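Both complexes shown next keep chain A, but they swap its partner, so chain B is in the first and chain C is in the second.
Moving on to the complex of A and B:
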């Protein structure tokens, strides 16, 4: 009986320590820059959606999902009206200079505004598809803008980044992943 | 005058209650049965922008697009299950406001039953221990005092009558 009693004395302490450990791990994730609102993509390790999008301007080539095979590609969902996309844009330009194949999905934009954005800030995309209805973005499970996907040479989605890619995301996640997938 | 005001108040509150959904007139399907199913499904789908609202309640752009997707699938002849699977395949199980029963959610679903079970076990143990403690009865001293108290009670009860 006394041994039993002693265990029950410690029970509240054990519960509190367990909860503290759980909260501490969440806190660590937030400190590492991960927002608790960042949802895991349901499409990780699954084939990228199949689609064919027209270009922003008639005449240019659009974005056919068939190009997402044979090399590591980045798929960036953006819009001219999206302020974080503007913040992110220099990193896209940098990756393009490094030789990364980036494809764009232009979400619910007008041809004029989207073209204006690219003329003003530069065009890092091999091709851009205009998703005027947002249906293709839904196929990608997009819920915030910008979103960036890393697709492996087999055409499978390997990583999803919600929100603007900052310098640290490049060094910590995007570049190492592209390097690993290229092997 | 007062009745008019009262009527207006009731009317306003009723309208307020019924406008909780965000479905816009141009989204509504012509087939009332399909529309009913779409509404029911939308109420179980989370709006990922606002996260604690269903897409039926939310005015967010993405919620509107998902409502349209749900209606498109239904019009194309999908069953309710197929529509839900379509959305889950893209947005994950988090999109379901009612979590499904599976290995990952087993603790979530069995949690309340487990707490009840542990509580019941604790209660039984506690009553058992308490039962054995009170079985000793009253001492002679206590019996005497009890008798006195009982006496007092009867006397005061009689005088009051």
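Moving on to the complex of A and C:
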């Protein structure tokens, strides 16, 4: 029988075992308290990327990274097709009412859909840049949607949140951090 | 007491499953007839005790027995009876009990109806089913016991997540599981065949009905899920490429490929080891989907309760089932000798193309779902994956599948004359061209040009399928009575294929039109305001408070008119469920052949200018959107028609008394978005 063994037939089982090993390491990390939200960002405490994005509507001003200096800002990456972004949106509106400067990066969206999203749910952003190609999002190391960064007055990224910001995250992380950075 | 009976029944089922999973397998290897004979009574016993456990759990839900922790966490006395019942599988533990119930049901079906199978093959199939049962029963008993007691018992339960309290979703999990678990039959047959070292057309004929039934159930399950997302989430969308959705879509794609490749084994004795691999993969992907959804490895909008402990158990199960079967495959598959040779241009060739594209599609969806994890594990950069990724990779793969499906269905086995097939498809070709030109005529932007292509594909699938049937019954080529006689004599599988292929066309039309030409209007409306969308005038009459059995909220009223004539009224609702502390929206929808008028009631705000309150409202017109689900249901109907084919009813091979040109089988094409 060994004469009949063919290496290529083992390919499926090798792929599956590799996948299982990856899952195993992930489960271990989840058990140790890591959640997918805590993915480290190579950019933490580094200056935010420099870029200039046009607005989603040709009329308004776009999003120039220069505005990130001089105040504490939130940079929120979102898209109209992204379901968790809708779940998160009320929190963005709330932060905006509290006077937090929020800037949006609208990832691979159409102007109509993005504008519709904002008219429907409210616009919490000081400005929204349209990242039609997704290049700027890659510069930010964006992993999934939505994703939010807290940038300090010097323009350095201080915190990164993957996935929707829920009420708990506001009280536990976002608000205390903004307060601390404003001192 | 009842809960303890349920728990005890589960333990008994586990013991029986252990016997079912070992004795017949050993008996078949050692040639002991008595051991082989254990398989049938064991399958019956397993079903008996699993169904007892299932009914005990249902009893606890229906009587709101909150001393059972699972019921207390997921039910509420005020919940309507339907949702008390569907609450049984609306949570992790209960859904696993439903899973083993369906598994045992399939096992029983093989034991009772598999009388035509050779006794050793049947015993091995049942034994493999038994082993899968062992794994899942142990999983339930050791990590997810649904019968745990609470002491003291709370007076009231926590309730079921309100967005899950919906008739569409009540039946979504059972259908999905019928599909997932149904693929376990193909899996067991594949593993048994590898152990026996023999795969022949008879084997394919036995596997096919199970695969077909599982595929139909999965199709209906996915369609129900997407329909629910459409009317319940209130976003007007129906597919979000969410990990949980993908987890059910990947097995569907592999299952679709398996349906087609099994035909080649059956008719031509070729593609054997590939078909075995697909049978293993279809079930493996179902398990992988369960793991991804239940372990919390991937985060998703659906956010089910997830638990890493359980994740470790399912992962072990995954390695055991998938790793074990694929290793067996690696050792045994090279010995499977292929039979029939064929030219590239032939029915077989077309089915190979179908298989390559569908499995590549499944791989792409899997990759898109797992990409963030894999790349992170290898320390690579962070890459973004979302609907744009799937639209750019998956959709182009499905276009050739659909174009080739119609041509392939007309090709003959072994070697075909493609020129002749093209000339027979002339009418379909012209109608497709007309459809594209007419759509493009009204087009302005690039988006519309792509949409014209989509409409063209839809026309091609529908007309091509109709043409195939018209030709085979010689319609318009002789007296109508002759055609009628031929239509009745035509194998059911030929009808099934044409229905399923045509249904894909209907679905593509729905997908294309609803994504390209959707009209969306969002505004603040005070009572008396009128808005016009796609020729329909909607007058907002205001909103009133409502009270349901376990919720309260507001119901808006729109009167819809077209050209001054009353059409209907729409009553979108906003509900609040106090027990669960959450809200849902219920869209008001008027479904028409031409499209859906879809109204959502938003938040109330003060409006001093108009002397009162106004509401934010969203009105959509989604052209042809209902065609998506009609197409999906018709696809499943095509599968069911094919299931009633004579050769499945008789079961025995070599009874081909039909005309020489044998029927083809349903080639349900893919869903694209």
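We take it that the second predicted complex is superposed on the first by the 146 of 183 C-alpha atoms of A that agree within 3 Å, B and C clash if a C-alpha of one lies under 4 Å from a C-alpha of the other, contacts with A are read in each partner's own complex, and residues count from 1 in each chain.
Everything below uses one rule, namely that contacts are C-beta pairs under 8 Å (C-beta built on N, C-alpha and C of every residue); 3 or more make two chains touch, one makes a residue touch a chain.
What you are looking at is a predicted structure, and each value in this text was computed from that prediction instead of being measured.
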Comparing the two partners chain B and chain C, which touches a greater set of residues in chain A: C
First, second, both or neither for A:25, with chain B first and chain C second: second
First (chain B), second (chain C), both or neither touched by A:135: first
Intersection of the chain A residues that touch chain B with those that touch chain C: 37, 39, 108, 134, 138, 141, 143-144
Chain C-facing residues of chain A, complex: 1, 4-6, 9-10, 12-13, 16-17, 19-20, 22-27, 30-31, 36-37, 39, 79, 81-84, 86-87, 107-108, 116, 119-120, 134, 137-138, 141-145, 163
Residues of chain C touching chain A in the complex: 233, 235, 237, 240, 242, 273, 277, 280-281, 284, 291, 295-299, 301, 308-309, 311-312, 315, 318-319, 322-323, 326-327, 329-331, 333-335, 370, 372-374, 376-377, 381-388, 520, 522, 602, 616, 618
Interface residues, chain A side, partner chain B - complex: 37, 39-43, 108, 133-135, 138-141, 143-144
Contacting residues of chain B [partner chain A, same complex]: 48-49, 51, 61-62, 65-66, 69, 88-94
